[in-house]
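The chains carry the letters A, B, C, D, E and F, assigned in the order they are written, with residues numbered from 1 in each.
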Amino acid sequence: MKMIIQIFFIISLISTISFASVQDFCVADPKGPQSPSGYSCKNPDQVTENDFAFTGLGTAGNTSNIIKAAVTPAFAPAYAGINGLGVSLARLDLAGGGVIPLHTHPGASEVLVVIQGTICAGFISSANKVYLKTLNRGDSMVFPQGLLHFQLNSGKGPALAFVAFGSSSPGLQILPFALFANDLPSELVEATTFLSDAEVKKLKGVLGGTN
Amino acid sequence: MKMIIQIFFIISLISTISFASVQDFCVADPKGPQSPSGYSCKNPDQVTENDFAFTGLGTAGNTSNIIKAAVTPAFAPAYAGINGLGVSLARLDLAGGGVIPLHTHPGASEVLVVIQGTICAGFISSANKVYLKTLNRGDSMVFPQGLLHFQLNSGKGPALAFVAFGSSSPGLQILPFALFANDLPSELVEATTFLSDAEVKKLKGVLGGTN
Amino acid sequence: MKMIIQIFFIISLISTISFASVQDFCVADPKGPQSPSGYSCKNPDQVTENDFAFTGLGTAGNTSNIIKAAVTPAFAPAYAGINGLGVSLARLDLAGGGVIPLHTHPGASEVLVVIQGTICAGFISSANKVYLKTLNRGDSMVFPQGLLHFQLNSGKGPALAFVAFGSSSPGLQILPFALFANDLPSELVEATTFLSDAEVKKLKGVLGGTN
Amino acid sequence: MKMIIQIFFIISLISTISFASVQDFCVADPKGPQSPSGYSCKNPDQVTENDFAFTGLGTAGNTSNIIKAAVTPAFAPAYAGINGLGVSLARLDLAGGGVIPLHTHPGASEVLVVIQGTICAGFISSANKVYLKTLNRGDSMVFPQGLLHFQLNSGKGPALAFVAFGSSSPGLQILPFALFANDLPSELVEATTFLSDAEVKKLKGVLGGTN
Amino acid sequence: MKMIIQIFFIISLISTISFASVQDFCVADPKGPQSPSGYSCKNPDQVTENDFAFTGLGTAGNTSNIIKAAVTPAFAPAYAGINGLGVSLARLDLAGGGVIPLHTHPGASEVLVVIQGTICAGFISSANKVYLKTLNRGDSMVFPQGLLHFQLNSGKGPALAFVAFGSSSPGLQILPFALFANDLPSELVEATTFLSDAEVKKLKGVLGGTN
Amino acid sequence: MKMIIQIFFIISLISTISFASVQDFCVADPKGPQSPSGYSCKNPDQVTENDFAFTGLGTAGNTSNIIKAAVTPAFAPAYAGINGLGVSLARLDLAGGGVIPLHTHPGASEVLVVIQGTICAGFISSANKVYLKTLNRGDSMVFPQGLLHFQLNSGKGPALAFVAFGSSSPGLQILPFALFANDLPSELVEATTFLSDAEVKKLKGVLGGTN
């Protein structure tokens, strides 16, 4: 009897001195409004361990495509629990000859670790200087926020890497798609890149761009 | 006499209850070490009103160049007092036909206001969607952080704009220079952009790139 | 036929490897709830180029008022696309003898550039030191976050300047209005500023304050 | 008559040149959605002075419990006006022999000031170094973000302290409750702490844990 | 013997898997350069428990002055360990009739708790709305970042309060000293505040200002 | 000849319109002073591609120790280029029966991906709720900032995982070492954890603690 009362008091105590826990995390509620800081938070009573786990990174992405590569992101809202926590992950699969074309992440720096194969990676600074490395299994490289960078399979077999970002929503702008896979008029692409009309129109054809 | 004593007490009071003022600002000392947060701070006793002023924006930049345009930044350390304050400015001059090629600012969003002339400006989102506007005198456009954007003189005479950034060091990566004005090997440029060898070598020739 | 299939695969690829783009920007939805980080985000499918543009800065503000000056802000929600991007703009018009009275921006530093005329500007630091400059066309001055500052037309004709802030919602507290244009009881104004009762009541009369 | 018109113009002026004030603060609306940056904002028209005040810190917490201590937080949403402002408070009451067990605040550093009595306080760094102080009335100690720390009444009478946090939602994880007051299986507690089965089961009994 | 070896291995293990601890905290080294993020860090090997403690808040400040009040800050570098931790404290002493004049903290919100006496406190928003409260022992009020606010002893005896800030260097700009205790020319004070020449000169006389 | 001149002009142009690039990154100079924002920056002229690469993650850590596990961090200054970029990595090796004991990262959230084997991982919230998952190859789990969490090899063979942090200096506080591997007096450990004297002394013996 004494024990039961004691436990009752302890539970009261714990609930008294535990601060509202909701701000430990803000599991994404994709049906609520978004804000500049991310998705709305799910009611914490409905949060489960599954919100903090993500199973999509175990399977190789489909590399049967023009770049022989695939990027599998682990971001909110699919990875609901990562919302607002300032970190995220993605998986890179590069078949033989595969390449992640030049791209930027507007909102975060990226750090990569090679799990399998050999990757040639590099980035270009604001001063137009090139930083280039050949990375083998276990090697890591960091790409500072917002700078153009790429990863290319320079080995013989397939390559696998994981990349992490210092933001829950790093964004991804892939250069050739940004240039050639939309309706930005060819003359504007040409004027703002110095590329020739023929080259722009050829690549718009390949990548599905119009105008 | 009483007045003198009173002033003495007041000055004591003021010095007593004024908190250390150095963190109002951190005027750049270019000779000290830099940190991720910016330049070291100059001794506040040596700071003058001139540290908070910048006179370089009154003169048109030299547009006698390949892009018929000039960017005049107002950043630290030249603009010493702006260090660490989370904002900066630049002046854009666009002669007839001038263009600021596709570029990104890795560390800040940008907002532009047209002072003279007509500018066609646009940016491309992570979803490869194009947002394009023709801007006249007094019109403003905002370019979200890290996304590719451009400004092009689409009027008859010269154009002038000011742009502001939400960072003291926004960075600037100009796409054609990043691609073609350094020693990034042509085969890597080609593999990571889908551009042809001929096009890459031609533009490397024009912009001074090697390899 | 082959081309069509290829484009189909490319579009699939692009949609596969493009990360959710909504966090490139968070265009203000003024009907949704606000958060400490800003306005709710508009559905990105309904965002257009007009959300990123603002036309209100091309026209001089009405300076037929007691301060012979006008401030025209370019902030959310009127400038919907700027929400959450950490930068904003405003236009200052100062007729002859015009003045932007002493004021602060609680949430951001400000940088000013003079477009026309001559402006005497200054700020006061936490150490009560005054930093004062006379600025001509093209001159810039920076006002560190939260410190009292002012701009005054010290030339002969009208003056025009643009100011930028390192926040999408810098706030604006104008000292004489904060003191004399509300219901803060006169005795509290007097006790907390050392101003005389006569002065406070006179200015409350001029600026519409009560109590 | 002239005065009335003048006041009318002034009020127009003020409303014209006052920027939207809502972002001065974001008073918590507990019925709206939460975001990673905090609670939704109440309509500013419905905000009153009471939203910025909190009266719960004037009364001693109930220390008739196992730790002879009480923590009274002043956080949102109870303290609605503090939402999003990056600071918060709590009151610590320690009866004779009272202790705030080892705990962390995941989201903020803490600074304490002793109002009454004598408190032995300490924290442990990532390098496992212990920083320990005996604090008397008026003494302060700072506990860096996220590190284990404790406060213990080492005097004769009751002790009272106020603590402040550099976040509106610092969180609070109390070590013995985290270990022994939930359903984390005993074998996992043992494997991850090196504690013995007997000790874990005894403390689960005391603190109400299961499994 | 076996025990000694085991301890040796454990110590190795601990040193192996402990991450460099210096970034738990950055105790201010006042002799090193400052950066926008604060003071340089002292060598962690020379950091002691005394760096994290501060004893200056136990004694009432000297209120024999024009405002019958005193502010005792607990900031870096005097409180070395608080550097960079995003929080700080100060003590307010208000003798009978004492007042902390209208002031702002440019870099942080403030939360106050009354320890003794009765304080009338208030702040003014960007919309010129006044939020005013009478606070008794144990009552708290929050003042949003950068807004003008004041504290005034409205009780009979002396009053004591502690205030906390969400920054290690909140700054403090006291309005009447900013206006009248420096060399800002009287005509500029008058033009930017609407105060009369007589009033400005009288208060410059009282507070030690010149020009 | 014309070409040479043209290239000369282009190089001038590029150097003119490239903003100072140093703030793209701040490669750690371990000999310079540290600040709250991280290590001082190396002179950018001396930065090479090797500063952005790290090779220490390719080799399994030594798991011949009491926890049958090893953590290999990839942080500054060893990984110089990652300084200030808001992201970092570590490798976890867990031999059969290996465990990373309960620990916190005071300054960052963590996301884990399993490369090999089976890991039982979990964290405890501020509300003392347990979130527990068994993770297989390719599975990911996120641990919100500052909360106690653990990883335990629950499979048959060795396990390997990579973890990423949303900070360049996340810190690491391992609970049993924090409690038992230093000179925190036993009576304080007991009073602040509810552990028995016998248990505390036994574990101090095992882990090398004194007092």
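The criterion applied here is as follows: a contact is a pair of C-beta atoms (placed from the backbone, for glycine too) under 8 Å apart; a residue touches a chain by one contact, two chains touch by 3 or more.
Predicted model only: the values in this text are computed from it and were never measured.
The chains that touch chain B as well as chain F are A, E. Path length between chain D and chain F in the chain contact graph, taken as the least number of steps between touching chains: 1.
Overlaying chain D onto chain E using CA atoms gives a rotation of 180 degrees, to the nearest 5. Repeating the B-F interface, with the same residue numbers in over half of the contact pairs, is the pair C-D out of C-D, D-F or D-E. For the touching copies chain A and chain F, the fraction of interface residue numbers used by both exceeds half; the interface is of the same-residue type.
Centre-to-centre, using mean CA coordinates, chain C is 41 Å away from chain F. One finds 34 Å separating the Cα centroids of chain A and chain C. Counting partners per residue, chain D has 14, 18-19, 21, 24, 33-38, 106-107, 122, 125-126, 128-129, 132, 144-145, 147, 171-172, 174, 177, 181, 206-207 as the residues that reach two or more other chains.
The list of touching chain pairs reads A-B, A-C, A-D, A-F, B-C, B-E, B-F, C-D, C-E, D-E, D-F, E-F.
The touching residues of chain D, counted against chain A in their complex, run 33-38, 61-62, 65-67, 70-71, 73, 75, 77, 106-107, 169-172, 174, 177, 181, 205-208. Within the complex formed with chain A, the chain C residues making contact are 3, 6-7, 9-14, 16-24, 26, 29, 32-41, 83-84.
Of all the residues in chain D, the ones that touch chain E in their complex are 14, 18-19, 21, 24-25, 44, 48-50, 52-55, 57-59, 74, 79, 81-82, 85-89, 91, 108-111, 113, 115, 122-123, 125-129, 131-133, 135-145, 147, 162, 164-167.
Every residue of chain A that touches chain B in the complex is listed here, in rising order: 99-102, 104-107, 120, 122, 124-126, 128-130, 132, 144-148, 150, 152, 171-184, 188, 191-196, 199, 202-203, 206-207.
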